[in-house]
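These notes open a run of structures that come right after.
Same chain, two partners: chain A is paired with chain B first, then with chain C.
Showing the complex of A and B:
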């Protein structure tokens, strides 16, 4: 059973605000979904663990400095930023 | 298009033999996209398409050779990054976002002068099975506009089925290429995890996501797969195993190939779907393949395992949308906490929020072991079960979806009911395997039915070979070209 308090806690962790209506439907949906997820909680998996898929692990490239993106380009999606920085409005506590 | 030759090859021949210029061809597609009621495209890129077409025409008229994909009009799902072209994942969160780099798959195709017509509709952040979770509204099924195209790569399938793209690239996290391909009577390939670069694919469930092609026939899928696969230094889960050349193995003899059929895939499937799959099994028998039914009891865990892992990864991947670096930002806020929370609450749709909550739940302290850890262990068990099956079989055959395309608003009421429709497709993503969905019949409402051939890792050549042979054997009778869009 998922409670309203659980959802409020999860929403806080997930950085979401939920309206009263959204909260109610989330309680209902999550109760159903968790019920469905519970199907696996009693299964004995012995000592089987998940390691990797298709033998892939940290397929990293050589650690060589390569050219990256221009600062101006990176800031393009936030209207150019300000003085080469991402910019958010000043606020006071 | 005649016989069972691919459409790409057919158009390539028309271009090379100067029956049509690439610009004329492209303009035909652009005109039909404008007329279309399918809602398959969410952004179009006319200027780029025409410019590329002119480049191809110049090459042809100066007597230069062109590759198979040059000048072929296509599209990309809206979660594949395109430099300077809006890429929104069909979310309010990314409206107006223009990536500053190309996804590797698009870089490869662009280098081949592929004509990009536009970005295709999808469920928001690829979360959904009907495309109805798109902030632009769902894409229609070209076989019947009252039915959904499927999801999440619904726009790609809708456009290809409606002849307003020759092929497209989608992404498949739990069936998002195969399910819409099945619903729209098309061929869709979910490649082996790691065989196609994910660089530039906006992340949903990183250990499950894979880019792959959707086209109207097996040959086209093989041509596109061969050109997009291969190791990429920019994707840290890219495989160094050399990709197999599928095109040159399409016609290999399949006599004596062993096809396994897990009984569990047939639990609760629609009667028309079952009959079509049975007919396909008979066709393979007639072609000399050996068929054997077997038990794969681990399959019953795959859906909860999938939703736990996918949502856990999604909740982490979607943490980056904070309104600071790109994407949507709320207008009014009093501090940074409020800015982030308001941005996310206003920017994300209902299903995305639901999955963030579920992912946060299964990763939170007190629940991690019972859900996430258990799901990961079971993932190991499921992978082992598949590996055991491949000691005995070359390929596994199963339905792609238990039903045909549903009507709009059919599944939106209960999320668990919607999740259950993914039962046949998710095991492949859990195990990182390749699978192709191909048409194998029509139901009583004349909607397409699909079957999938699931291979061992890195055996795209084998599954496409078997798919191609089936297409030839049935004289492509299930590849119904609809009377809409561009017909050549």
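Showing the complex of A and C:
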């Protein structure tokens, strides 16, 4: 059961600012999402032991440098950034 | 009432691997902003992290060097929080199965500061604040860190300083980090509480974040300890909060209180598989560990007969200790070498920083050559000292200053002859000496030293001069 308090807490942790209406619809949405994900727990897995990475181990990488991406590409999704940086404008109320 | 400080440290150490923890971008300090970045380390959706093998090995080395047990089964977890320095809105860290646990570092007093755990994680990006706006550089984002967490065993700011210095030195000796606090490759969070002396219970603690200098760390601890004591004495209560130290005023200020405490909602990182280390691998790493600072100090004192003070001042700097180890090759009495390092070489190094970088013009081989001449009595210590100073100034080798002729030892007969010459040529000094001015003898010895280019023993010379004067 997802409560309004849960959503308020999650929104705060995620630094999201929701209106009253948005809060109500988020409770509904989140209940649906969790209900959907919970379907998987109905599966009868018998005696098989599971972890969430299927018992895989040690996929390790050698410590060898590869060229990084061009700065232009890195900043492409933020409209080029500002002076080579990702840029966050001061929050205005 | 008397109060006791109770403190524990969380130390972040940047590992000096070539690449980041989950991608192949370089880890070099500095560089133009956002030029050591790729889709993985700027957290683009759909990318997959790949764990750097060397990070695991370095962390195990750090654990073994601090007497930790190694968790053969380990894993990564997500630590969720929203802040611009973390592009994914979570940091990949370790929660309940850190690579190392239950270690300790021993202080000079014999007291052990217990280490609860050492885990691996990714560093965050760097934020630059300008007029309320925030500029983000992700070059540092994804650089591998180990976090070393102690038990609350520290009882004074001096103990905290000694612990950090020891930790720093160990990490440098095993080569996993340069631990430069001023460059941010080593940073400490300090937990502090106070309690009445003799009490077993812990007081409410505060945490001072991100100390990047030992001087400021000890100052901050003293300030915070006194602030808490004063608060309690005046009937107040210590609030559990996170603090920042203000260097300019020497005070602490609140960053966030308990009600704003992060709820990290840790869960297993599903993009990374289990880290399974074999005990043979751990043993191999243990065998490959270089000699640690405490072992070196012990060796210098017990095997080489070097004083504790001198041994410590050499071992304190890895560069100098490594230089010493090279310079004593084939030397019977390594004390000759340590005396030159602490005497002549240290006299040319003006501060801690110069000792740390140890950028001198004399190679270990060259000092070794000089010391062998002393040990085989081809030249005396006085001549060796002045020669070493010339070598340090010019970067030239022994052979540039000492000729074959200089190295031939002077016979007793020859020495007596020169002493007679000294007495004959300095009648005034002899007169002065005979009238009770002991210092006048120095003039005569100096004369002999000059004549022999310092190749003779000063005490022996003095004896010969006195005999000569007696026989006048």
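The rule is simple: the second predicted complex is superposed on the first by the 54 of 93 C-alpha atoms of A that agree within 3 Å, B and C clash if a C-alpha of one lies under 4 Å from a C-alpha of the other, contacts with A are read in each partner's own complex, and residues count from 1 in each chain.
Just so we're on the same page, a residue touches a chain if its C-beta (ideal position, glycine included) is under 8 Å from a C-beta of that chain, and two chains touch if they have at least 3 such contacts.
Just so it is clear, the structure is predicted and the values come from calculations on it, not from any experiment.
Of the two partner chains placed around the shared chain by superposition, chain B is the only one that A:17 touches, whereas chain C remains out of contact. When the two complexes are overlaid on their common chain A, residue A:74 makes contact with chain B and with chain C alike. When the shared chain is aligned, chain B comes close enough to touch A:33, but chain C does not. In the superposition on chain A, A:65 makes contact with chain C only, not with chain B. Annotation for chain A, partner touching more residues between chain B and chain C: B.
Of the two partner chains placed by the overlay, chain B and chain C both lie in contact with A:53. Legend: residue contacts after superposition of the two complexes on their common chain; A:88 is shown touching both chain B and chain C. The residues of chain A shared by its contacts with chain B and with chain C are 13-15, 51, 53, 55-56, 58-61, 69, 74, 77, 86, 88-89. Against chain A, the residues of chain B that register as touching in their complex are 97-98, 100-101, 192-194, 207, 233-241, 300-301, 303-305, 307-308, 315, 319, 322, 324-327, 333-337, 339-342, 344-345, 348, 353-354, 356-362, 364, 370-371, 374-381, 383-384, 414-416, 419, 431-432, 457-458. The touching residues of chain C, counted against chain A in their complex, run 17-19, 24-26, 32-39, 42, 44, 50-56, 80-82, 84, 89, 128, 131-138, 263, 265, 268, 270, 272-276.
Residues of chain A that touch chain B in their complex: 2, 6-7, 10-11, 13-18, 22, 26, 29-30, 32-34, 36-41, 43, 45, 48-51, 53-56, 58-61, 69, 73-74, 76-78, 86, 88-89, 91, 93. Per the touch definition, chain A reaches chain C in the complex via residues 9, 13-15, 51-53, 55-66, 68-69, 71, 74-75, 77, 81-90.
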